[in-house]
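The two complexes that follow have chain A in common; it is paired with chain B in the first and with chain C in the second.
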Partner chain A sequence: MSALLRVEALSVAFGKTEVLDGVSFDIAPGEVLGIVGESGSGKSMTALAMMGLLPPGGRIASGRIVFEDVEVSRLPERELAKMRGARMAMIFQEPMASLNPVLTVGEQIAEVLRHHRGMDRRSAHNEAVSLLKLVEVAAAERRVDEYPHQLSGGMRQRAMIAIALACRPRLLVADEPTTALDATVQAGILDLLRGLRQEFGMAVLLITHDLGVVADICERVVVMYAGRVAETGDAGAIFAEPGHPYTQALLAAIPRLEGPIGTLPAIAGVVPSPADFPPGCRFAPRCPHAIPACEAAAPVLRALAGGTQAACIRAEHAA
Partner chain B sequence: MLRYALRRILAALPVLLLVSLMSFAIVWIVPGDVAAEMAGPTATAEELARLRERLGLNRPWHEQLVGWYWALAQGDLGESILLRQGVGAAILERLPVTLSLTFLALGIALVAGTALGVVAAVRAGKGADRAAMGAALVGFSVPDFWLGLVFVYVFAVQLAWLPTGGYVPFGQDPIGWARGMVLPAATLALAQIGLFARMTRAAMLEVLRQDYVRTARAKGMPGWVVIGKHALRNALIPVVTVAGIACGVLLGGTVVIESVFSLPGVGRLIVGAIQRRDYPVIQGGLLLTATIFVCVNLAVDLLYAWLDPRIRHGR
Partner chain C sequence: MAGKAPGALSRLIAHPSFRWGALLFGIIVLCAVFAWWLAPHDPFRNNFRTRFRAPDETFWLGTDRFGRDILSRTLHGAKVSLRIGLGVAALTALVGGTIGALAGFVKRLDGPLMRFMDALMAFPAVLLAIALAAALGPSEVNAILALSIAYAPRTARVMRAGVMVVREFPFVEGARAIGASPARVLLRHILPNAMAPLVVQQTYVFALAILAEAVLSFLGVGPPPPTPTLGGIIADGRDYIQEAPWISLVPGVAIAMTVLGLNLMGDGLRDALDPRLRTAIR
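Here is the complex of A and B:
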């Protein structure tokens, strides 16, 4: 089966500073892929590059992004705009800040329908109500004419999802969709995404720093660290036999309900900023298994016995 | 929305009351004998007494106050000493000139300034931005009386495209009205164009960084929709606030512009009245100017609520 989206050796740079370095992964139609990593690992930048929404100054330095057999990384803005919101849609972390405060929720959904699907005002408005019902917003007929500040955080994110679903995209990119929400609301949003994905057969790229969310919904996982892919594999294998010391450390940092209460092992240090990425393996300075050879050359992804692929020369020693 | 509008209108009433009180008090605040100043050094005692009688100055102050409001309630602003005409009629006659000048200038400044500011913000740091902001600074710095004279010299005297001055009522000849108004309104507007351009640029730069602008782009909206609908509507909120203040400045600026372009407006009427100590006209002029200003700010408040639903819902 050919991939819906292929990211091949993608590097993104701001000026001379590379924030993404040789990132590769793909997504099959209907698949849910999780990208995990701490803040600053390059997760969101990867998603923005896919959408052609890199912040000012950012550019794709090398590599390709191929979506539905079209190389989107080379498309002009006009062609990209036709694809965005129609074939590939995106939702963001802060549902309050991501909705326009001076336009009604209905208008923000309906304009997508009018623009991409050529609907007239009345049918776009009706379809907006149906979409709000689809994302399980109560009293959709009333909510459609309300403004974002009149909605709760969970409802705003549902409205964002309704906007994203308006044109039944093949791929939904969800950048930390539940991070800003309460735990119970989070579960509701994840349930909704899972259900919608089954209903429409759309692929979902879920970006999160929360491995619990990944375990909940993702089939495959890409672990990123400091602008590179650290490890990738099926969710089951990643959780059962993580090969990369960074993945292991992330998993160890998940709080568990069972067992004795103790201090939560945190990963010492922080993700370095792109301007001072270390040579060789970028995780080496924080890695308990690091040897001098780790800093000599950037490790490449290689298949491990556990079923995952990890960019670590010490994986066998770290297990 | 209706409740918000009513609240704003109610809030404007005390201001009007205060202004009317101040207009009344002018006669008491100015040093010296008002009647003596009005009548001039050659007036006889008999003439002075007659003037005092006419102005009601010989009555106790509370009677005068009641009389002032009683007359106001009937729309009577008193009688001009020099024009031998009712103050209300004298103002009404000249009001269309001043109002067309002010609001035409406001319109020009808003449209041109906002457009300039949007272009500058979208092209921030590039040539177009620097050109627009340079032009704004020049517009800001050039005195309006000088610019007015330059405009008259170039467009009216040298090119002879437009009249040097004078006023044609709109009802009589709309094209003549427009030809007569273009130069003075543009002159008056120029400094405000700079103000609006800078305000719009700053607001747009702020708004363009917001997540909802990124959302609009993620939805595949074309660039002009992202800028003109999603960003500009949010950026206009602070700009509208400035428009209220600018309107006051423009109204004050009409005094100079009316003189440069010899337009028979309220500004010149008031200046003449001040020079000749025609107190009833000064009082009427003050009352009128303040009322216009209050109305404009009321309009700004309502516009505000229309632009921003959060204000409408009292949050």
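Here is the complex of A and C:
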């Protein structure tokens, strides 16, 4: 089966500063792909580029984004707007602020239905109620006429998902959908996403910094660091035999229930800002296995014995 | 979150200064609207036998140098002044609001539009009105036009600031992510959330316009006589302030009460619509 979405050597720049450099991955229909990385690694920028919603000043410097065999990165704004919300939808991190406070939840769901599916007011309202039921909002008939501030955080995120699902998109981009929610609500939302994906055969691109979420729901993982793909592979392989020292460090930084209590290993330093990315491997300054050759040239992705692909020339030594 | 959440209305009614302001302004508006029924005398009728009457049982608030009833003239004058205030508030909201919304939403237009507004703002309102009255002749419509040109920049600034704040909210990006066009994003998602400061601002513009109209009429570039306007009646009494102070005093008090009522209402609106001050209202 051909890929639903292909990102090929995507570079995004603000002025002369490249925030994404040669990012490539693809998503098959119905697949759940996780993009993980620290703040500033370029996860959200990748998603925004896919939606054609780069912030002002940002542009695609090179590379292509192909969605359903159409090159999204070349589409004019008018065509993009037709696609957004209909074929490809996005949910955001902040359910508190992602709904319009002066419109009822129902009006906001109905807006998508009327805009993309040309429904009249009455049938859009009815469809909004059934969408809220679909995302398991209790008392949907009552909630549909309520304003966002009357809903809890989890319910707002469900309402956001209902808006995103309104046109049965082929791809749902979820940018940290559970970060702002507490743990039990988070589990509920992930269950919901899992169920919806099976029901509609919808692919999900899940952006998160939470490896627990990735392990819970994703089939494949892309690990990003400083605007580049550090490692990619099946979720199982990434967790069992991570090849890239960065992935290893991320996994080591997860608190564990068993074993002795000690200091949690942390990765020294922070992600460099795009203006002063180091030459060569961008993780080298923070990497315990770095050698001078690491700083000479940008490493390319290569297949490792563990089943993943990593952009590291020292992967065999780091294992 | 900016915007009128349900409950804003009840907060408004509970607000003491809004209640008193609305009461005061409401009475004045009713008096002005029903001026023809309420006025005890014809505001235009000269009568040389009743010149400069001090307040008595026939002329409750006295008469002017033509023997016209001051109460009747003030009631009718309030009607004209309120019409001008309303006209200016509406026109600045429409024109200034549109300019401000575009400047705040379309980055390319921001510089040119706002520099133009700055240039307008640099003109004193009264000077502009005098120039316009001189060019087009003094009339009620020209007074509204002149004052609207003078006050539109303030409204534009308030609207622009509101739009710029709301523009950055995630739900605006969310609206774009579901395929809403820029016009739709602006009209349906940004403007309703950026309206609150504009509403408050327009109550002040209303009050400012009434004051400015008084100044224009006083200077003789407002609606021409014999149309009674509050500023015009004050000007009529200027030369007789020692002998017949009621001529200027009565319309002066009417202006003060109108502006006070509007400003109290504006304060109430501001508090009720400003989420940061919500808890302070009890």
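Everything below uses one rule, namely that the second predicted complex is superposed on the first by the 319 of 319 C-alpha atoms of A that agree within 3 Å, B and C clash if a C-alpha of one lies under 4 Å from a C-alpha of the other, contacts with A are read in each partner's own complex, and residues count from 1 in each chain.
Assume contacts are C-beta pairs under 8 Å (C-beta built on N, C-alpha and C of every residue); 3 or more make two chains touch, one makes a residue touch a chain.
It should be emphasised that the depicted structure is a prediction, and the values quoted were computed from it without experimental measurement.
> Please tell me, clash or fit, for chain B and chain C sharing chain A in the overlay.
Verdict on chain A: clash between chain B and chain C.
> If you stack the two complexes on chain A, which partner ends up touching A:Leu99: first (chain B), second (chain C), both, or neither?
Both: A:Leu99 reaches chain B and chain C.
> Applying the document's definition of touch, where does A:Leu193 land relative to chain B and chain C: first, second, both, or neither?
After superposing on A, A:Leu193 lies clear of both chain B and chain C.
> Is A:Cys294 touching the first partner chain B, the second partner chain C, both, or neither of them?
A:Cys294: touches no partner chain.
> Just checking: does A:Met51 make contact with chain B only, chain C only, both, or neither of them? Give me first, second, both or neither.
After superposing on A, A:Met51 lies in contact with both chain B and chain C.
> Thinking of the overlay built on chain A, is A:Val36 touched by chain B (first), by chain C (second), by both, or by neither?
Touch status of A:Val36: no partner.
> So in the superposed three-chain picture, is A:Ile267 touching just chain B, just chain C, both, or none of them (first/second/both/neither)?
Touch partners of A:Ile267: none, neither chain B nor chain C.
> Pick out the shared contact residues on chain A: the ones touching chain B in one complex and chain C in the other.
Shared contact residues on chain A (touching chain B in one complex, chain C in the other): 51, 53, 81-86, 89-90, 92, 94, 97-103, 111-112, 115-116, 147, 149, 160, 163.
> So in the complex, the part of chain B that touches chain A is made up of which residues?
210-212, 214-223, 225, 229-230, 233-234, 307-310, 313, 315
> State the interface residues of chain A toward chain B in the complex, per the touch definition above.
Against chain B, chain A makes touches at 51, 53, 77, 81-86, 89-90, 92, 94, 97-104, 111-112, 115-116, 147, 149-150, 160, 163.
> Tell me, which parts of chain C touch chain A in their complex?
Residue list for chain C touching chain A: 1-6, 107, 169-171, 173-181, 184, 188-189, 192-193.
> Can you tell me which positions in chain A touch chain C when the two form their complex?
51, 53, 56, 81-86, 89-90, 92-94, 97-103, 111-112, 115-116, 147, 149, 160, 163-164, 166
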